[in-house]
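Shared chain: chain A. Partners: chain B in the first complex, chain C in the second.
Right after this comes the complex of A and B.
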């Protein structure tokens, strides 16, 4: 083998080992863009800039999560501390290291807590997306560049919101990708985000219209952007109902890295 | 040929270091299971038991599953010293999250904590630790924390701390504190006073800014065995 060939091979090995390519395999770049917060303060600009980042093409699967648990047994179902994951954690798996019929390998992993999702991301030198990053990625539609007005997205969401959860989840990447190449942002599972606890609504917010000044400092200044963006309201409402140790049957996650 | 082979060898040198870095899952070195001798007896309450400011190993080994002290990130107190939450194990702790430039709720929270402290009998007061952790990883430097300490009149039973943004978020998640940074740099946040028992489990929570202080005091008295 010529030295040049060797150099080439060595370079490839190094790049994969260092993760310069490895970490991003299965990810696509989301170009810099904007995020229009659904709930924002009076003096907050309508959009905030979001720098570019790389995002998993699909949510983390059972098989991927199993590989993580095998190398990080403290996150196995019987080992995890209740502080970091409630008693439903991976309840649909057959055992600590066994998926079973309730958790097909290529279906998104669910019933994982925010702490667990974050530990998985950390093990890949990645992190969870922020609300701004997730929403920026999901603002791009399947057939058009604007998910809010894209009939293809509306159809997927309508099917999803009206379908009860029954049986094991379908595999990832079954549906069409959005125009960034990202699958399953709509219509498969909800996804954890790093800063889900920034939605300042009270636990008992169904009856009242605003936020309680008594419970939250500065909350009186937060108001909604667009009352017609139903999916965004669904996501905001869902996020605000979560606690970081919750394991929820239709809540998974995906990872991002900054370039 | 010379240059490529040098490059190749340098690449070979780089590779092992990188692969090593990937094996990050090793369990942390187990703490020496030596019980801290001086803490086996109930600490003498008339003077602060200096060695018990460090978490007694016996307490750490028996932390309940729900103990917040399993979260072991390194924070920094307002003397600049590294601290872990588990340093406070073995005594009741009152913990709140705040930011020093807060003009409304945080000084009130600190004021409420002081009011609680004043209601405690000297025996109980001696055992209780008051801890405030800042959301504001950027602006709340050690100096800023010192200024806040002076502003709210905190004594040496109080510890003010700051931490990295990701760790502060984890702590907020554990306590159930919601917060978000506003464009002004200030924070909107839950107003929450949490009481931890000796093992670091949440024993009592006071939500909001009105009332509820007697409940905090009662929890502390109960946890102090007084």
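Right after this comes the complex of A and C.
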């Protein structure tokens, strides 16, 4: 059993919370690579280099987050400042320090704000991934190296979208990992990223002004990297609907560290 | 609408991205909410108006006409929900909806009204959503101002400047997927003075669905991206599902009434050739604008567009609503029903009408009416015959077909009201003999009947020849007879007929 697993069982809560762990526990290394932004301007390069980093194997769980709240009670549900987390913050927990039936210990924590996610990461001497890092990690598929064309990824995503949420979320690591060893990048929860608020799509993706032209005009011009990469559009759309204090039922997070 | 102010972008945002995105807003970290700067002029205008809560209705219903002769501040509360609903018999689909329904709830306001729109996104939603109302004058039709994360709500307002019937839809990236999941509906902006009064108004909206499983494949279906890209839907339906406007869910009217259909098309891809078999639209508000066209058979409804049609119903019976791109009606579900019943004394009138049809079949020349009736009959028969799923589920269609068979094969002897001729042909109206034994009734049709019998206490001793009908036809005509002329009984299925036929 990995230390993380033990933690889920609640045995090492204090050890974890004290930051006694090495920063790479429960993480895998994502080798240096590239990120191809969904939308870019004429002068921007097609891809941006992404240096290597370490990333949590799975999203932060309720048990992990509970351990954090216990040592950082200012982040308890009743204590948190509204400026940093809206009224939905941890609304599915039974109490400040009680998970209850709506929040199984090994299920990913959701209904946490960007501020809260960052505070958690900081407590682990980690940080939230950037869009570039997250997308770099998720560009690797489950059965193939390219998530965009990997049927296994498409199947997981289609299944996720075609079934509404019923009851508490399932535990992490139920599904197959991608080829980097990362679980749950697809089809469990959305995840906070550090720079979510620069996501370049708004609700009005067929924007009335320049965007539409930029999205759909001829070859060689500015535009979307791939108009059929709907999952990327959805992630971008989701990110742009957020504010930093929002707590959203399907939105969790995971941490990264730079080597 | 006054544009919302653009919020300061974070430094990380390259200038080039701003150019790329034009008016797109980005949100500063930690900001509580995006709100329009309070506008004194607007506040004053809003305060000068009486406030009312909009009545929203699910298709095929339409909120009542607006009777006030002045503008109001109308509060609309619409909730976005992602729900599993039936797409066809046994086929489920996860629809993303405005108000839990596909199409979304119907909104009715008056020209000049100030609409205060509250869009809530249910906490269980997987995705952010928003609304672009084609009735809005302003960038994005409200889309940016209403962009809402799950578990949140947004408020924006607009003035309904132009009268007409407008589509609204979700405009969140990727837009086609949100629309293909059912996120569309209609908003009617009544002109000053209202629309010409009619007796009945209904809400019908077409849309198509792209599922991994073929048409009719049971179970919870998954969205099929390649089919959507190719614009090859498995389902083209009215009001969110196959059969949502047939049988006891058909829309109804009475002879002599005027009917108005508010017809929309959500798409996302196909244009509809909207037609009602057996009716001519007296008036069409072309593309739901102000141009009136009269005496129209089929009218185009663009994807993301609407039309308003009215007509008077003259003859009782079932009128079939179709997308006259007929494979959609035959094989993909684009079929609905308008059932028109007669006034209490209209059975006679109805009988006479069918009598004409019968004669039309025999007369080579045939009057204009007879020819038209005949063409309509054939067309309707084709639609019905080619859509077995609907055929199976709908007794009404079976009744329709049975009625035609009755008036073709039986009425010469048993009479148009089923009374027969005393002493010669026994009545099928209110017949104890008929209703007592279903298998025996089937046998009478298949094998004929000779010898003494007693019907309703009266003796008959004559001969009925065997009827040369298929199992389906026997089932249809018996279903009709056993549920007409004062009889109230079960349906008869082709399988039951077949069982009797093979039994002896």
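To be clear about the criterion, the second predicted complex is superposed on the first by the 214 of 259 C-alpha atoms of A that agree within 3 Å, B and C clash if a C-alpha of one lies under 4 Å from a C-alpha of the other, contacts with A are read in each partner's own complex, and residues count from 1 in each chain.
Note that a contact is a pair of C-beta atoms (placed from the backbone, for glycine too) under 8 Å apart; a residue touches a chain by one contact, two chains touch by 3 or more.
Keep in mind that what you see is a predicted model, and the values were worked out from it rather than measured.
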item	value
Which superposed partner A:159 touches (first chain B, second chain C, both, neither)	second
Which superposed partner A:244 touches (first chain B, second chain C, both, neither)	both
First, second, both or neither for A:234, with chain B first and chain C second	second
First (chain B), second (chain C), both or neither touched by A:32	neither
First (chain B), second (chain C), both or neither touched by A:123	first
Partner chain in contact with A:67 - chain B first, chain C second, else both or neither	neither
Touched partner set for A:195, first chain B, second chain C, both or neither	both
Touching partner for A:81 - first (chain B), second (chain C), both, neither	first
On chain A, the residue positions that both chain B and chain C contact, one per complex	41, 43-44, 83, 114-115, 195, 197-198, 200, 214, 222, 243-245
Parts of chain B lying in touch with chain A, wherever the complex brings them together	1, 4-5, 7-8, 11-12, 14-15, 18-19, 22, 24-25, 27, 65-68, 70-71, 102, 104-106, 169-170, 172-174, 176-180, 182-184, 186-191, 207-210
Chain B contact footprint on chain A (complex, rising order)	3-4, 6-7, 10-11, 13-14, 17-19, 41, 43-45, 71-72, 74, 81-84, 114-115, 118, 122-123, 194-195, 197-200, 212, 214-219, 221-222, 243-245
Chain C-touching residues of chain A, taken from the complex the two chains share	39-44, 83, 88, 114-115, 154, 158-165, 195, 197-198, 200-211, 214, 222, 228, 230, 233-234, 236-238, 240-251
Chain C residues within the chain A interface of the complex	9-10, 12-14, 16-17, 19-33, 82-84, 93-94, 123-128, 130, 132, 139-140, 143-144, 146-152, 171-175, 177, 212, 220-223, 225, 229
